[in-house]
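Next come two complexes, and both contain chain A; in the first it sits with chain B, in the second with chain C.
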Partner chain A sequence: MYKYDQYDDAMVRARVEDFRDQTRRRLEGKMTDDQFKPLRLKNGLYLQLHAYMLRIAIPYGTLNSTQLRKLAHIARTYDRGYGHFTTRQNIQFHWIKLEDAPDILGELADVEMHCIQTSGESIRNISADHYAGAAADEIMDPRPWAETLRQMTTFMPEFSYLPRKFKICVIAAEEDRAAMRWHDFGLRIVKNEAGEIGFEVYPGGGMGRTPFIAYKSSDFVPQHQIFSYLQAVLRVWNRHARRDNIHKQRMKILVHELGEEEFTRQVEEEFRHILTLGTDFPQAEYDRIAAYFTPPPFETGLPEEIDRSDPDFAVWIDQQIAPHKAPGYAIVNVSLKPIGGIGGDITAEQMEVVADLAERYSFDELRVAHTQNLVLPHVRKADLYAVWQQLRDAGLADANLDLVTDIIACPGLDYCSLANARSLPVAARIAERFADPAVQHDLGELKIKISGCINACGHHHAGHIGILGVDRKGTENYQLLLGGSGAEDVSQAKITGPGFDEAGVVDAVERAVNHYRTIREPGERFIDTYRRVGMEGFKEAIYG
Partner chain B sequence: MADVLRFRDDAAADEPAVSLDAFLDQTNAVSVRIEAGDDVRRLAPVLDRLRLVEIDFPKFRDGRGFSSASILREMGYTGEIKATGDVLVDLIFFMRRCGFDSFAPNVPLDPADAEAALNRYPYVYQHAADAEVPIWQLRHPELANG
Partner chain C sequence: MKILTGNDLKTGRVIWWDGQGWSLHVEDAADVHDDGEAILAREEAACRVNGPMFIEGERTAEGVRPAHIKDRIRALGPTVRADLTLKPADPNAGNWVI
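Now for the complex of A and B:
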């Protein structure tokens, strides 16, 4: 994976000192929180309900064991012994003291990590396929491009104050495991007929209160023009977005108001101009970065067989393993969704277990998935049993990947000052309702996503079943949605009807699931059945 | 506190800036005032008589002026670009990179704070309107001559 050189290191250290100075001015009362707010937000520090929350960037979801151990250390030293992985492949600590924040940034810099642009009106941490570099179906590893774009979009002067946040995602496979088309700027790496690498570009997606799925603005932007194309998109948006209403300033709104055709036309005009400025990085720099992503030295001649004689292990294998590009290897998904636990949460001790496993069994590599799980990308099939045993001993061996209990949920009203309702208890109740492994496996792939407010951090628009917490006359109320997807079969979920209280929405989910079970045809997932029959029958089942 | 922080050696234009429409209607004006929503590309035919562009920031969260300055420099304009309005010291490093070379905010900048802000970052990651060499170019000195 990528290693900082003296330049990257100097930039991150400078940011630490910059932030230390800003924090000092705040603590000494030389700045109000209003003045401090935009500065701390550009560095991932939010003031939440109970304390400050610090969001740490995990670029394209890639970590090594040293970094994860450092996160464990931060959890223990500065927080309450745990952290929370987010739907943007980042990690958040929810109990931070302001005066500690600069020291935490210093500790992060020691392991080549930072919080730059993890919040505020900025170009956020770039997300990528969490199977990158390991997936059997990718045409190349998308991370060298994600890293190149990470550097090029760090402290971009012209876009110092964008209308709103801006999220980029890079994938390189047909299958979309990263919700690419729900980003402001989605990229799929493709090869043209001449065998040249380029990008399909999908601008204008986003969740929030006004969800849009990104449209395709270009079939093929040549690889070394992608930074120019990105600048063109940013410039059109920065110049023409509304600035009078924060809820209408995301790029998706401008795309919608101009229309896709006109937005594309303006981008292409600006793109032709920006190409003449020669701001794209050269092949030599791409090659330098790509060299850090050379595949690890996979062994050859490894056995493909897995000893399935332990039935619990066999169940786990069938659910948590994905095909690897190298023979004899597998991708291991580590569930952070235990029944009765909080999705995405992980203790310092568990972080250390996973770090040890990554170091010993996965070429020191780890991934964070936007589904709030972890991935050991390169495990020999022969080592799977040992890995499973150690995960099991640490409480990390749930076998529920993409099943009904693998729920995405935002922190909600338990932590977040923006939330209208709690998300975590709803997720916990649903997981308990479907806890029986036989039931989960019978239901198959079923993606439930829960947000505690219309900002949609819990991706409810993209859930096969989505739940949105709202405030209804001072009480928490939950709307139910059906039919969304963040995958290559992308779609936007629709509201079923009137909302429910907390117990009611759990019952409603169960009725929807039971209806699916009654009418499904062989091989159909929940989403397939919903798409075949439409909303009406489900509505009847839910509301009676 | 200086009311204007200026990074140019030439004499400042002493004529008050007029609106973009007024500037385009006149033939002898040399100073123009750009509001956040104005299209600076309309100045392309008259760049040769332009000596001062004031770009207004109605609130610091409105970043349109960054693009306006960048585009003016891309068009080849070499005269003064002055940032006015709600300009915060924490953003002037990026403003300088976009081509601003004077600052006259509503609340005057402390020169010491400005100096510190301008020298905070030792490198830059990308080309902009200034002459800073991006990190990728420093990494590849072999490319410097061609």
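Now for the complex of A and C:
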């Protein structure tokens, strides 16, 4: 993975000292809240319901064991012993003291971490396929490009005061495991007929109040022109963005209002101009970054067979393991969705267990998935049983990847000052309703996603079943949506009808699921059945 | 009743104006009547509170109860982590929120 050079280190540490001084001045009353707020937000420090919340960037979801141990230390020393992984592959701590924040940033800098690009009108933490560098189906590791784009855009003045936040995602496989087309700027690495590497480009996506799925603006941008293309997109957005109206500032709104054809025309015109300036980054710089992502020294001649004699282990293997590009290795998905627990939460002790496993069994690497789970990307199949045993002992061996209990949920009204309704208790009650492993496995892939407000951090627009919490005259109310997807079969979920209270929405989900069980054809997932029969039958089942 | 609340500047903890100073407990909250703006200006200037705001509430047999669920969650703590609330020993404390 990428290692800081002296410039990275100096830049991040200077930033910490800037923030230390800003915090001191705020605490001494030399700065008002209005003056301080944008400065703390640029360092990932929000004020939430119960305390300050610190959101820490995990670029393209990649961590090493030293970094995860540091996060465990922060959880234990400065927070309340746990952290929460987000749908942007970041982690956040919900009980931070302002006076501790500069010290925490200093501790993060010690392990090459920071909170830059986790808030504000900037290019946010660039996300990627959480199987990057390990997936059997990827054309190449997308992370060198994610890192190159991160470096080219961080602190670049032209990109520091954007009309609104801007989210980039990079994948390199046909299967979309990163909700790429729900981003402002989605990239899929492809090979053309000549075998050259380039990008399919998908601008204009995003969730929130006004959801749009990104459209394809280019089949192939040569890889070393991608920064110029990104610049062109951002310039067109900057030129026309409705900075006067917060609800119309996102780029997806501009794409919608201009139309895809006109937006593309303007981008291509700008792109041609930028190419004449020769501002794309040098090959040597890409090569320098890419060298950090050289695959680890995989052993050869390893056995493929897995001893499945322990039935619990066999169930876990069947659900949590994905194919690896290297023979004899597997990708391990670590569930953070225990029945009765809180999705995405992880204790300091669990972080240390996973860090130890990554160090011992996965070339010191791990990933955070946007689905709020963790991944050990490079585990020898021969080591899977030992890994499972240790995960099991730490309460991390649920076998529910992509099943009905593997629910994405934002922190909601339990923590978030923007939320209108609680998400986490709804997720917990649905998980309890479908807790029986046999039922979960019978239902198969079923992605439920819950947001506590219209900002859609819980990706409800992309849920096979989506739930949106709203405020109805001071009480929580939940809208139910069906038919969304964040995968390569991307689609936007539609509202079923009138909303429900907390207990009612859990019952409604159960009725929708039961209807699916009744009418499904062999091999159909929930989303397949919904697409085949449409909304009406489900509505009838839900509302009677 | 009109309640003044905010977050402690240093710690971020939820705090309630009790008539004399700031309390962590909503049951201590005072009705600020028409004095709210003056208190708010003084406390902001003293750098003791962040994000101060006035909210509606009522006095009940169980003490002061904010009108909106968001403020009741602020007052108690996350409903999904009873151990992290102000009343970790009371298994029914969450019912007050709902």
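Going forward, the second predicted complex is superposed on the first by the 544 of 544 C-alpha atoms of A that agree within 3 Å, B and C clash if a C-alpha of one lies under 4 Å from a C-alpha of the other, contacts with A are read in each partner's own complex, and residues count from 1 in each chain.
We adopt the following convention: contacts are C-beta pairs under 8 Å (C-beta built on N, C-alpha and C of every residue); 3 or more make two chains touch, one makes a residue touch a chain.
These numbers were taken from a predicted model, which means no experiment stands behind them.
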Which superposed partner A:D184 touches (first chain B, second chain C, both, neither): neither
Which of chain B and chain C A:I342 touches, first, second, both or neither: second
Comparing the two partners chain B and chain C, which touches a greater set of residues in chain A: B
First, second, both or neither for A:L98, with chain B first and chain C second: second
Contacts of A:E476 with chain B and chain C, given as first, second, both or neither: second
Partner chain(s) touched by A:P425 [first = chain B, second = chain C, both, neither]: second
First, second, both or neither for A:L162, with chain B first and chain C second: first
Common interface residues of chain A - those touching chain B in one complex and chain C in the other: none
List of chain C residues in touch with chain A within their complex: 7, 9-14, 44-47, 50-51, 67-70, 73-74, 77-81, 84
Interfacial residue positions of chain B with respect to chain A in the complex: 36, 39, 60-64, 66-68, 70, 74, 90-91, 93-95, 97-98, 116, 120-129, 134-136, 138-140, 142-143
Sites on chain A touched by chain C in the complex: 26-29, 32-33, 47-52, 80, 95-99, 342, 413-415, 419, 422, 424-425, 428, 474-476
Partner chain B, residues of chain A touching it in the complex: 5, 7-8, 10-11, 14, 17-18, 21-22, 38-39, 121, 151-152, 154-163, 227, 235, 238-239, 243, 273, 277-279, 281-282, 284-285, 288
